[in-house]
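Two complexes, one shared chain (subunit A), two partners (subunit B, subunit C).
On to the complex of A and B.
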């Protein structure tokens, strides 16, 4: 059905269930308990999971299939955000036109950058994309200040025209983003015993769009076009010798993944109508590379997992301060408590990068195929006899050169 | 090629899943029953302290966090009570806020609008924070203030000096105790004219964001009104760490004053570069070349070391002030941490007390009631003399200090000397002053 075989349907259904039940799954600990610190089921973070999931899925279409490592994808995300916010400023607070425009603008922008950058491959391609992204960042940061509002970030104001909507609501505040009247920030709270679950309209919009994006990526992976992209990765020279020109394929993949990034940027602005230049910085581009490699480049589910993993660390571990640590270890004698706190201290709070870095190294060294490979190893451990090794060859290409030749 | 197998069961299943998916967003639109966002129902109330722990303003952020922790301790009845004893309002009892124990969560703004908003959002959505405070950058303050307005919680701005925070980007839910760029200009310019004369040529290096822009505008306006001319104004990126490329062009001009509209790590680096290039030894037009840092803080003075000697600037507060409030604050901060507080720490501590006091006086945590209690409020005993929270733009009005880097510091903290305390009347302006025009407070939003 819908052009998917049974195995893909299972995968899609699993992702759908995970996405739709996320408010439950991510809030395993009762509110108010010590462990509530680790709950991730609040709207902002769930939205980020879905949005960066989309971003990583798109990046994976380029990197996972063709092997072209772009270091400038954040530029498309940033361009998408700026277009969406301008749509909110000029047209209306409905998210549909904003998201559509952000995809169109990101597509045009990636066509331009891709056309130039794809004339080279390997490390030169990476450097070119990095250079373009850094240029866009610097433009957004200073030269294009009238359009981007520089470091302060593009924000909505009360005197924006919003020709199809109202500049200000009746009570004199800035209207909020909505989907045909359904406010993105409206949240239904459900209390079951000690647990509090939040169902946010914006999150469900992101989740549904992520499922669509996931489905589209699945179709691309399984299509003849996807096979061509894999051919680019495995041996571009041989492809040229057989009379095929790889450039249209790579350019198409580049534009598609740029549109995914634009979509993610548009969604980000729809959830929180602000666009800042730091979204385009090279660190943001590097982050999506990390997400993809951490989860498993070339697999369908990997990038989504990697995105969730990194965002979880960024938002949860960075908020553990000494005060919280003392709370955890308060049952210990004073000296021991202080010792433990000082040992854990460098790894949490502002030291979350350190923890993430160590985990990233461990994954790359011991699970070169990313978290997906870890999952596969566990599955294999349990059904050693039933399934032959490497049944999921489709999901994980054997050779993964990190930079295409 | 097509292998579609439409079975009755398959179609039903797909239909049900799609239907549920489409219906989900519309089912869950009912809002909860509380009267305003994050109404505290238990025995405690949570405040969100959102400060830069990394990035160019990390030093200020760390000091702000210390001040917040001290304020929470005092509100909960711990320590010696600090400025609660000298505060003109006696509503605070040391039993938390409205009898609820004060708890807090912290976050890292990274001095980036995006990260700051994400952090503030998680405080509001996950931790149930009823008030957000902090920020060491006006870009961040403006972004977080906008978020708090949308979410329906109070924002008590920390260190933010841009005119825009209570100017074109002002919000009904946001309040600022710190002074602003206009006040710096109004206080500093007369002193500069007195010291350096009325015929100076100024060259500006400006941090390229809302604070830098408005400070440059304010200083240029204030000094030109006294006869100075402005040779050039150059914007520098906030993330810049080496300013030599921006310093060398100054040597080609006939400018005889360099104004550094930089703060935190930026200022430390640009001032050090300027001194290394020998600017302070230069004689231009027969006059000694001078450097001015309009917004000064002790943390920056410490970072720049020897280079700050004799350099003028303005500051919101300094620990050497002799009034009872300042003394009490310095004493309790020093007892707890072993060194005197910075101006960032002071404004954050005061903002926390002001919020708690407003809640007590209003008798409710409702942001609208709190805002009403703060608007037009006159108070004293918090270190700046008699202070007024103006209702029209939620800006505090108080005396401004003009300071100078000390020639012979007696300790590593004794780096600045107060040259003049500019009276409040001299730095006041109309709410619709051109530098502050273009925005509107809107109406208070209690959320929910």
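On to the complex of A and C.
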């Protein structure tokens, strides 16, 4: 049904349940308890999980399937954000036209950059995309200030025209983003015992769009087009001598992933209507590369996991400061407490990058297939115990599935 | 008129005359071997046929059309498939997917955006690929990761990928280079099998006389970029010019 087999439906359903129940799942600790700071179930962070999930899913279509490593995808995200904010300024505060425009603009922009960059492959391609992205960043930061508002960032003001809406609300403030009247910031709070769960309209919009994006990626993975993209990664020489032109295939993958990035950018602006040049900087491009590799490049679920993982670290670990640490270790004698705090200190709070870096190294060295490979290994470990003895892995090679997963 | 007509082809690399006035005519449904010592220009000639190199002068006509100036994938779409010296396959993909790709290429052309179709629903293509795999006795390996196979199987797979396109001309670039005797014999058997099962035109570039004499209907001997003789295998065997080119004048 709908072009997916049973296994894919199961995966999609699992992702759907996880996404829709995220406000519960990510809030396992009662509000006000010691561990409440590990809760990730608040709207702002959940929106970021979904948005960066979309960004990474799209990036994976390019990098995971064709093997072309782009170091400039944040440029498309930034362009998407700017387009969306302009739509809010000029047209209306409805997010639909804003998101559509951000995808269209990102598609055109990625067509241009892809057309030039894809003349080269390997490291030269990466450098070209990086150069383009840095050019875009600098243009946005200083040259194109009438469009991007430079280092302040593009913001909504009270005198924006908003043809199909109001420049200002009745009480004189800037209107908020909405989906046909449903405000993105509106949140329903549910208190069960000591727990507080937040259901945010903006998050659910992001989650539904992420599910659609995941479904689209799944279809691409299972399509003849997807096989062609993997053929590009595998052997371009053979591809050419099989009567196929690799260039339009890679360009199509590049534009599709650019559109995903634009969609993510548009959603980001829809949740919080401002756009800054720093969104296009190379560190932002590098982040999506990390997410994809950490989760598992070329797998369907990996990039989403990687995005969630990194965003969780960025938001949760960075909040653990020395006071919190002292709180944790307060049961120990004073000297020991100070010693432990000073040992842990560099890895949390502002040092969260250090922890992330170490984890990233461990994953790349021991699990080259990312977190997904880790999961597969655990599953295999359990299966092996049940499997009959006498299986010789070398002489009974594992059959790979029809299409990669 | 042969299916492939090469006329007056010259190719220079700086001061080196790699090909000098090469004329060659490959007739339909024959196996035409091109032999010659190292540096005779065999590979250069082949690269001129598939679009990797463009000759300085001369013409290369395939099936009544010039191939010069066309890109390799366009030439393949005209009906020329190529088997490489070391098997070139899609190593990251399964055996079945490897054979499906040329099936799609044949049906859909050089590029098609079929992103929302599903491979599993392409029953016709899968059947075509499976028939081909049965033909080369690889059907039971269809789900194997193709990079993990033996070299002989990779050669078989590459051959299947070329044959499933139903090429009008199959080019083989030293298909047995670097192979052990047993593997070479297997390859010869495979090629004989293929030849027996269907009408096919093949041009083989080869070093190994054993291979050439077991397969070829016609043989062209190249030396220093120029064809010396073209004849049947029987006549080539004792030809004095050939002995001279291969063994030096003293022989």
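Throughout what follows, the second predicted complex is superposed on the first by the 384 of 405 C-alpha atoms of A that agree within 3 Å, B and C clash if a C-alpha of one lies under 4 Å from a C-alpha of the other, contacts with A are read in each partner's own complex, and residues count from 1 in each chain.
We adopt the following convention: a contact is a pair of C-beta atoms (placed from the backbone, for glycine too) under 8 Å apart; a residue touches a chain by one contact, two chains touch by 3 or more.
What you see is a predicted model; the values in this text were computed from it and never measured.
A.B. asks: May I ask you to decide whether A:278 touches subunit B, subunit C, both, or neither, giving the answer as first, second, both or neither?
C.D. replies: In the superposed model, A:278 contacts subunit B only, not subunit C.
A.B. asks: For A:131, is the partner it touches subunit B (first), subunit C (second), both, or none of the two (neither)?
C.D. replies: So A:131 meets neither subunit B nor subunit C here.
A.B. asks: Which of the two partners, first being subunit B and second being subunit C, lies in contact with A:141: first, second, both, or neither?
C.D. replies: Once the two structures are laid over each other on A, A:141 reaches subunit B alone.
A.B. asks: Between subunit B and subunit C, whom does A:96 touch in the aligned arrangement: first, second, both, or neither?
C.D. replies: neither
A.B. asks: Please name the chain, subunit B or subunit C, that touches the greater number of residues in subunit A.
C.D. replies: The larger set of subunit A residues in touch belongs to B.
A.B. asks: Touch check for A:222: first (subunit B), second (subunit C), both, or neither?
C.D. replies: Second partner only.
A.B. asks: Taking the contacts subunit A makes with subunit B in one complex and with subunit C in the other, which residues are shared?
C.D. replies: Subunit A residues touching both partners: 3.
A.B. asks: Which part of subunit C faces subunit A closely enough to touch in the complex?
C.D. replies: My answer: residues 50, 71-74, 76-77, 81-82, 84, 88-94, 96-97, 100-102, 104-106, 108-122, 143-145, 148, 161, 165.
A.B. asks: Give the list of subunit A residues in touch with subunit C in this complex.
C.D. replies: 3-5, 219-220, 222-228, 230-231, 233-235, 237-245, 248-249, 252, 256, 397, 399-404
A.B. asks: Quick check on the complex: what are the subunit A residues that touch subunit B?
C.D. replies: Checking each residue of subunit A against subunit B gives 1-3, 13, 16, 20, 32, 39, 42-45, 48, 138, 141-142, 145, 150-153, 155-159, 168, 171-174, 176, 179, 182-183, 185-189, 198-201, 204-205, 208, 211, 272, 274, 276, 278-279, 315, 318-319, 321, 323, 349-350.
A.B. asks: Once bound in the complex, which stretches of subunit B touch subunit A?
C.D. replies: Spelled out, the residues of subunit B in touch with subunit A are 4-6, 10, 14, 17, 20-21, 24-32, 42, 53-54, 69, 104-108, 112-115, 117-119, 121-122, 125-126, 138-139, 142-143, 146-147, 149-151, 164, 168-169, 172, 208-210, 235, 237-238, 438-440, 442-443, 445.
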